[in-house]
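Structures for review follow.
After this come two complexes, each holding subunit A, first together with subunit B and then together with subunit C.
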Partner chain A sequence: MSDGSGAGRPEEIELRIGAELTNLPIIRSLAASIAMRADYDLDAIADLKLAVDEACSTLITRASDGAGLVCVFTVAKDEIRFQVSIKSTSDAAPSSDSFGWRVLTTLTDHADSWVERNGQDGSRPEHLVHIALAKRRADGPA
Partner chain B sequence: MTNTQSSHAGNRSDTGYEHLTPLFTELANLAEDDPRRSEVRNRLVTGHLPLAEHIAARFSNRGVPREDLVQVATLGLINAVDRFQPDRGTDFLSFAVPTVMGEVRRHFRDASWSMHVPRRLKELNLAINAASAELSQRLGRAPTPSELARHLDLSLEQVYEGLEAGNAYHSMSLDEALSPNADSDSLGETLGEPDSALAGVEDYESLRPLIERLPERERQILTLRFFRHMTQTQIADRIGISQMHVSRLLARTLETLRQGMLTDDPD
Partner chain C sequence: MSSEAFQDDSAGGRGFSVEVENHGETVVLNVVGEVDLTTAPVLEESIATVLARRPDMVVVDLSKVGFLASVGMSVLVGCNEQAGTTRFRLVATGASTFRPLELTGLADAISIFPTRDQALTED
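Up next is the complex of A and B:
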């Protein structure tokens, strides 16, 4: 029916939302809620929330007009993965030398970004910029 | 604890406590395990109670019940009595007043909610906050929701509800209304540290003035989290505020920096 990934895997949670800063609280609460219900400790919950906030803000500033963020959370046994994507006219990936990237790598166990370049022959190229994060469950008795 | 007593003593607070001064020297000279310690300490605390009531009164009519404020101020007073060192040459009042005021201000921060949050949820959130501090001490790390549920004898759903209520917490406008340099004691030692640590970051030049403009406490939290890699719980313990409060301050600081970068440097 929709053009989403459609697989509907039980551990996946997908959110499509307008690329507006005012939408950040919705994405943040979803992140916090997922980590909380996976019984992560309060530090990890707060870290994931901040990291998702940072990643989405980074992509929102690159969004082409009217583009929406696609956020996918994947809840594995001891890891929550988050991937956010945006259509952008720029094909530059977020720099890994920026302060924002340091924030992401401090808050998570894994951070990555890449660009799928599209529309070489179109009048207006529209690339897909992705950021992927992973937060592992802290050691210790769960 | 009568009103007449507190207002009377409050009015002459400059001079009303001299008779207690020798007790501090006495307390300092008693051995750790001397049974007389708690007696002397009690006399010092009760003797200075009017001071706590006086400070609490200065913060009344700001949406927090008077009796809560007196309780918090009294806690601050007990802290001050315990931490005061008479051989340092300052008198107790000039040490205690900022300590007690700091405690009351902190309470405003930790207790300032949007008005529509039901009392039950506020209490739930405060209970979780307290339990979280206690469990963090015991475990050496932040607790999980299930550990909180077990500790508080609540269901997991109740803990989730209480944690989520924290999101509706008033976004600290009361903080700003209070003092701009609240609790600036004991900070400062990490000043200048982000500077060297940031040197390798490509947006260093636009970031530096933004970090310098941050309030001292925010800058310290930023430094401890992103340059010293302390957890929020460790930072909370170090600075003397709750982990949830650290979390809110960090979120706000990062947002400030992001916005500043956007306006400074239109990519």
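Up next is the complex of A and C:
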């Protein structure tokens, strides 16, 4: 089976889409398609879909007006990494105490969130909020 | 048996519906579609409306649900807590619904059955 990257290098798939809740099904479909093509089993596909939805939902609710989500999937040999970013007027990192964050960490092998704060001069009042996660391929049948 | 329906006609909720079937003192909610941040409020409203009538048992059938986000799981946990003397049961199976409920430990807090028949007939 081809991993889609030819030389075995990780492949990047990027999606730029409006930060609207109504776009969540499109992002979930893409996550599922990517995991399916990478031969993930049904459980792992469902886990990735749920984790990606959670990450995007979290960032959509803190998006600046008119901001777009930038979603990047990186398909490596044994894991799929996902990073999503949004421009936000808030520089608070997403809460790691929420039930949603617990779901995200339960379903993935790695999850992290951070904020890139912009300068204090007021010329660029928007910050960049990121969430990254990774889901490894299961080792053989469960 | 009588039935009524809750629907989300917004763009994101298209295709999502909750059909309420009254079987005497038991009410079955037949949920169809994907439960996410857009559609979870419809699910919450439909269950709350049914629970307010204080039936003996409420069965939320998730057999036709292809996706259940954390917000949907939170709705189900909240409704389970508000059920009081009404027996609150879920029908869930497979990777889309049962698996996340199980992995997050919520399957221990809510009565979950693999089929509607079992949810309706088991003690």
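One rule holds in what follows: the second predicted complex is superposed on the first by the 127 of 142 C-alpha atoms of A that agree within 3 Å, B and C clash if a C-alpha of one lies under 4 Å from a C-alpha of the other, contacts with A are read in each partner's own complex, and residues count from 1 in each chain.
Everything that follows uses one rule, which is that a contact is a pair of C-beta atoms (placed from the backbone, for glycine too) under 8 Å apart; a residue touches a chain by one contact, two chains touch by 3 or more.
Nothing here was measured: the structure is a model prediction, and the numbers come from that model.
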*Using the overlay on subunit A, decide if subunit B and subunit C clash or can fit next to each other.*
clash
_Tell me the contact category for A:F99 with respect to subunit B and subunit C: first, second, both or neither._
both
*asked:* According to the stated criteria, A:E54 is in contact with first (subunit B), second (subunit C), both, or neither; which is it?
replied: both
*Check whether A:N118 is in contact with subunit B, with subunit C, with both or with neither, and answer first, second, both or neither.*
neither
*asked:* If we overlay the two complexes on their shared chain A, which of subunit B and subunit C does A:A138 touch? Say first, second, both or neither.
replied: first
*Report for A:A46: first if it touches subunit B alone, second if subunit C alone, otherwise both or neither.*
both
*subunit B/subunit C common contact set on subunit A*: 42-43, 45-47, 49-50, 53-54, 57, 61, 99-100, 102-103, 106
*Which positions of subunit B touch subunit A when the two form their complex?*
132, 139, 141-146, 160, 163-164, 167, 198, 200-204, 207, 225-226, 229, 231-233, 243-244, 247, 250-251, 254-255, 257-258, 261-262, 267
*Could you please specify the touching residues of subunit A with respect to subunit C in the complex?*
20-22, 24-25, 28, 42-43, 45-47, 49-50, 53-54, 57, 60-61, 99-100, 102-104, 106-107
_Residues of subunit A that touch subunit B when the two form their complex_ = 29, 32-33, 36-37, 39-47, 49-50, 53-54, 57, 61, 95, 97-100, 102-103, 106, 138, 140, 142
_Touching residues on subunit C, where the partner in the complex is subunit A_ = 10-12, 34, 36-38, 67-71, 73-74, 94-96, 99-100, 103-104
